[in-house]
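Paired with subunit B in one complex and with subunit C in the other, subunit A is shared by the two complexes that follow.
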Partner chain A sequence: MKTFSKYWSIFQITLINSLAYPGELAGRSLMIIPFMWIFYQLWKVTFNAAGVDAMNGLTLHDTLWYLMLAETIELGRPPIARTMSENVKDGSIAYILNKPYDFLLYQFSTAMGETIFRAMLNAIFGGLTVLWLVGTPEHPEGFLIALPAILGAWVLHFCINAMIGLSAFVVEDVSAFTWIYQKFSFIFGGMLIPLDFYPQWLQTFAKFLPFSSAIYGPARLFVTPTTEIFINVMTLQLGWIVVLTFLLTIAYRRGLTQLTVNGG
Partner chain B sequence: MKELKFLIAIWQTNLQSAMEYRAAFLTQVIGMIVNNFIYFAIWIIFFNKFKDVRGWGVNDMYVTFGVLASSFGLVSLLFGNTFTLSDIIAKGRLDYYLSLPRPVLLHTVASRTIASGMGDFLYGFISYCLSGYFTWDGLARFALAALLAATVFGAFLILTQSLAFWFGSMSNFSGLMLNAMLTFGIYPITLFDSYAKLILFTIIPAALMGAVPAEFIRAFTWEVLGQLLLGAIGFLALAIFVFHKGLRRYESGSAIQIEI
Partner chain C sequence: MNKILHPFYNIMTSIEVTNLQKTFQTKRKAAGLSGSLRALIKPEYSSVEAVHSLSFKMEAGELLGFIGPNGAGKSTTIKMLTGILHPSSGAAKVLGYIPWIDRQKLAYHIGTVFGQRPQLWYHLPAMDTFMLFGKIYELDDRETKKRIEYLTEAFEIGDLLDVPVRKLSLGQRMRCEVAASLLHRPKLLLLDEPSIGLDVVAKQHIRDAIRRMNQEEGVGVLLTSHDAGDLEALCKRVIIVNHGQIVYEDKVSNLKRNFLTTKLVQVRYALEVSKDFSINGVETLKVGHYGVKLKFDTTKTPVDSVISHLSEAGDIMDITISDPPLEEVISKIYQEANA
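Entry: the complex of A and B
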């Protein structure tokens, strides 16, 4: 319990810190507004051109709310890999590693502290924009049902990003890996196009990957909150969390043996 | 001529500095090319299913994305500080450039190279070659269009970031404008109605970075070339005017800065 309270305190401190500059916090979240507007233009034209009300179970209305949640998850997460890479480059990792807490749990607590308000504001601005464009979501309760999957998505993002960040122990600059990870999230996570609109073979492949558990799953659950989808999303997500946490722990232990800190 | 020599000398120094970390430089260049290819796969998937958006097909996307990437890459490579100008102004780091006998704006923005820009720049040409519109005179138009689009983009960055002279650090606002420019530039212009198009030619001139250069590359017309030239010269003149107007208000705490 005492161990848990330590990380809870770190989480709380970061959470409060993230509120220190509310203007900055709000400013960052405004980007979701033009994104949602442009998605509306794209999908309105596409649905009209296709001459259908729904494609693979998603209407224009569902697609917009789906994209709103997908963007909220993506834009809400902090740049963990970059932070860890900076820690390695400037030597400050030496001060973090010798503190009486677990390095990975410390990073997780701070990442979650930074995520909460950032994601909330994105959801508010994005939600208001979509509300204005297409009206209320068909299943507002879907947000509560998708909440565990949203939290799971952040855990998954953390595991993958932390692994990229740990590669800084070897290569120092991780920006190329973060770009590529982000683009895989875009494609296999269904961030710009819902996976349901992909060709069947690509859908089957993409839906099995962790990227879909981190974006598509929660967003689809939000617009179609059925028991079946809930069970599918949560089962796959938990499976990936277990696998990736295991891999992250191994990567961390191996990374420590290769770390060289010069100065700091 | 003197300023051109000065610019070339700065770019040589920047390149030498970037090449000091050869592996990191190459990782960033190759990483950015791969990154752009992966991103573009989304559009291939989209157009594979929906064929076209009001007459705009995947081949048009190759050209638009290509010219946008090359112009973005050119600004990142040659004028990397345009992305952080507001921070430089707000933190008093213009002192260093003001104390030297060279044009302040030119010296400031050219003093940094973003290595990944080389990846963007090269990717743009690859994208054009894959578009199905490739011809040799088209390639020459691509190079000219990328140059003019880069001028508009660089000028737009200087304009938005120079607001820091009046309002302090504008990193959030300028980040927002940068993202808006890239996002609107990349989407098919046929999506937008006339009001939105007016915005995309003026307040956020994304059309002058994506759709208009792409139109010029596909087929030469004096009218489109005129639009591009007018946009590039107009925005550059406005950016220089606003920067110098703001510079008169500039003050710093005489902090000691070391420029690396």
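Entry: the complex of A and C
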């Protein structure tokens, strides 16, 4: 119980800390409004040019709500790898490592603490914008059904980012890796284009990758909340979480022996 | 279970270090574009020996100074003793634990302060970090609050705890930092440059509180510093390191007797003075119309005779008596070691 309580406290203090500058937090979240407006214009033209109401089962209305959730997940996630890299570069990792807790669980608790308010504000601003542009979602209950998958997406994002962050123990600067990850998320995660619009072979390939489990899966579940999609998304997410957690633990143990703490 | 001290912990010895060594690989790169391109194709590395075959012991409850100039290997040693860094070779036991293997178990029994890095949450009041540390070290809320009350009184931080840390002065913040590191009643406190950048009053506050914690709770203190004042005020024994090696290890009283014998005196007078400042055994470093700077050996010339001579010259407006820089003391020790 005390073990759980320490990670819960770390989560709570990060949550409170994220409210230190509420104006900055809200201002950053407002960015989702122009994003959704641009997506609306872009996809309205595409659907009109194609002369169809739906493409591979998704209407313009579905596409917009899909993109709203995809952006909420993406914009809500904190820059874990960059933070870990900064901790190594400025030497503050010394304080993070010398406390009686599991380093990875500490990082996970802080990441979740930073995520909650950001994601909530993104969902509110993004949701209101899409509501104004195309009306209510077809399955409002889809949000509740997609909730476990949204949480799973953040866990998955944490695993991938923490893997990148751990490489800072050796290479210190990880910006190149985070850049690659971001681009992979754009292409294979379905962040700009729902994977359903890809050719079949690319869809099959992309849907199997962890990037799609971290964005496409929960967003698709939100617009089509069926039991079949729910099971598919959750199974794939769980599989990737198990594999990546295992790799993360190994990488952490190896990284620790390589660590060089900067500063006097 | 984690909070129980190691079963093989020798109650008399806090730290035992044997032939500890740490070598870092540093990438070398020649200046300019061609140097950068060459480094890309064929990177060259050189080894930097931060700690070289270090061996020492620290008794439980001891106040041990671990001093040396910048780059001497002090912080690297502390980081190995807390388990953050793995050594290249050698052995160490801290409270019976091998730090880099039992890092989490050891963490329950030691407190650390890295003077150049904050551990308090910057945007939140220090009280939030204190309560968080209570949870991390698995203390009951009641126990945490009682402990905070005690530390608040010892470090005189009562009116600081509810202020966001970013609004505190460096001295106030450091008092809170050291107090936070003592929340879980550690057996050993590792202080890495706790007085860096602090003014005289702030340094005194921290030194007094640390001395009190040592006397009342028996917490051992390993203090790294490049300020000889910290050493004189707090430590009974000193280890001086340079280039990762021990160059001196003795009681502070012996160090003072043998090496901290020179004093620098700087005097400023209210009115212009034209006195001849030459005193037997005193070296005049600088003379102006309104002041003078002298250097003398306290074993040959008593301080009071120098002061009375200086006060005869006119009304003293300001006087500073200081020790020679630690670098000077170390180079003297080094020269003697090499002689």
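Just so we're on the same page, the second predicted complex is superposed on the first by the 263 of 264 C-alpha atoms of A that agree within 3 Å, B and C clash if a C-alpha of one lies under 4 Å from a C-alpha of the other, contacts with A are read in each partner's own complex, and residues count from 1 in each chain.
The rule is short, and it goes like this: contacts are C-beta pairs under 8 Å (C-beta built on N, C-alpha and C of every residue); 3 or more make two chains touch, one makes a residue touch a chain.
Remember, predicted model here, so these are calculated numbers, not experimental data.
**Q** Touch check for A:I180: first (subunit B), second (subunit C), both, or neither?
**A** Touch status of A:I180: first partner only.
**Q** For A:P100 in the superposed arrangement: first (subunit B), second (subunit C), both or neither?
**A** second
**Q** Pick one for A:S9: touches subunit B only (first), subunit C only (second), both, or neither.
**A** second
**Q** Figure out whether A:E24 sits in contact with subunit B (first) or subunit C (second), or with both, or with neither.
**A** So A:E24 only meets subunit B here.
**Q** Determine, under the contact definition given at the top, whether A:I124 touches first (subunit B), second (subunit C), both, or neither.
**A** Neither subunit B nor subunit C is touched by A:I124.
**Q** Is A:L133 touching anything from subunit B or subunit C once the two structures are fitted on A? First, second, both or neither.
**A** neither
**Q** Is A:S92 touching the first partner subunit B, the second partner subunit C, both, or neither of them?
**A** Touch partner of A:S92: subunit C, not subunit B.
**Q** Would you sort A:M234 into first (subunit B), second (subunit C), both or neither based on which partner it touches?
**A** Touch partners of A:M234: none, neither subunit B nor subunit C.
**Q** Where on subunit B is subunit A touching in the complex?
**A** Result: residues 24, 27-28, 30-32, 34-35, 38-39, 41-42, 45-46, 48-50, 52-54, 116, 172-173, 175-176, 179-180, 183-184, 187-188, 190-192, 196 of subunit B touch subunit A.
**Q** Contact residues on subunit A for subunit B in the complex?
**A** Those residues of subunit A that touch subunit B are 23-24, 27-28, 30-31, 34-35, 38, 41-42, 45-46, 49-50, 171-173, 175-177, 179-180, 182-184, 186-187, 192-193, 197-199, 202.
**Q** Using the touch definition from the top, list the residues of subunit C that touch subunit A in their complex.
**A** Checking each residue of subunit C against subunit A gives 2, 24, 70-71, 75, 79, 82-86, 103-105, 107-108, 110, 112, 114, 116-119, 121, 123-124, 128-129, 131-132, 135-138, 164, 192-193.
**Q** In their shared complex, at which residues does subunit A touch subunit C?
**A** Interface residues on the subunit A side: 2, 5-6, 8-10, 13, 16-17, 20-21, 90-95, 97-102, 256-257, 259-261, 263-264.
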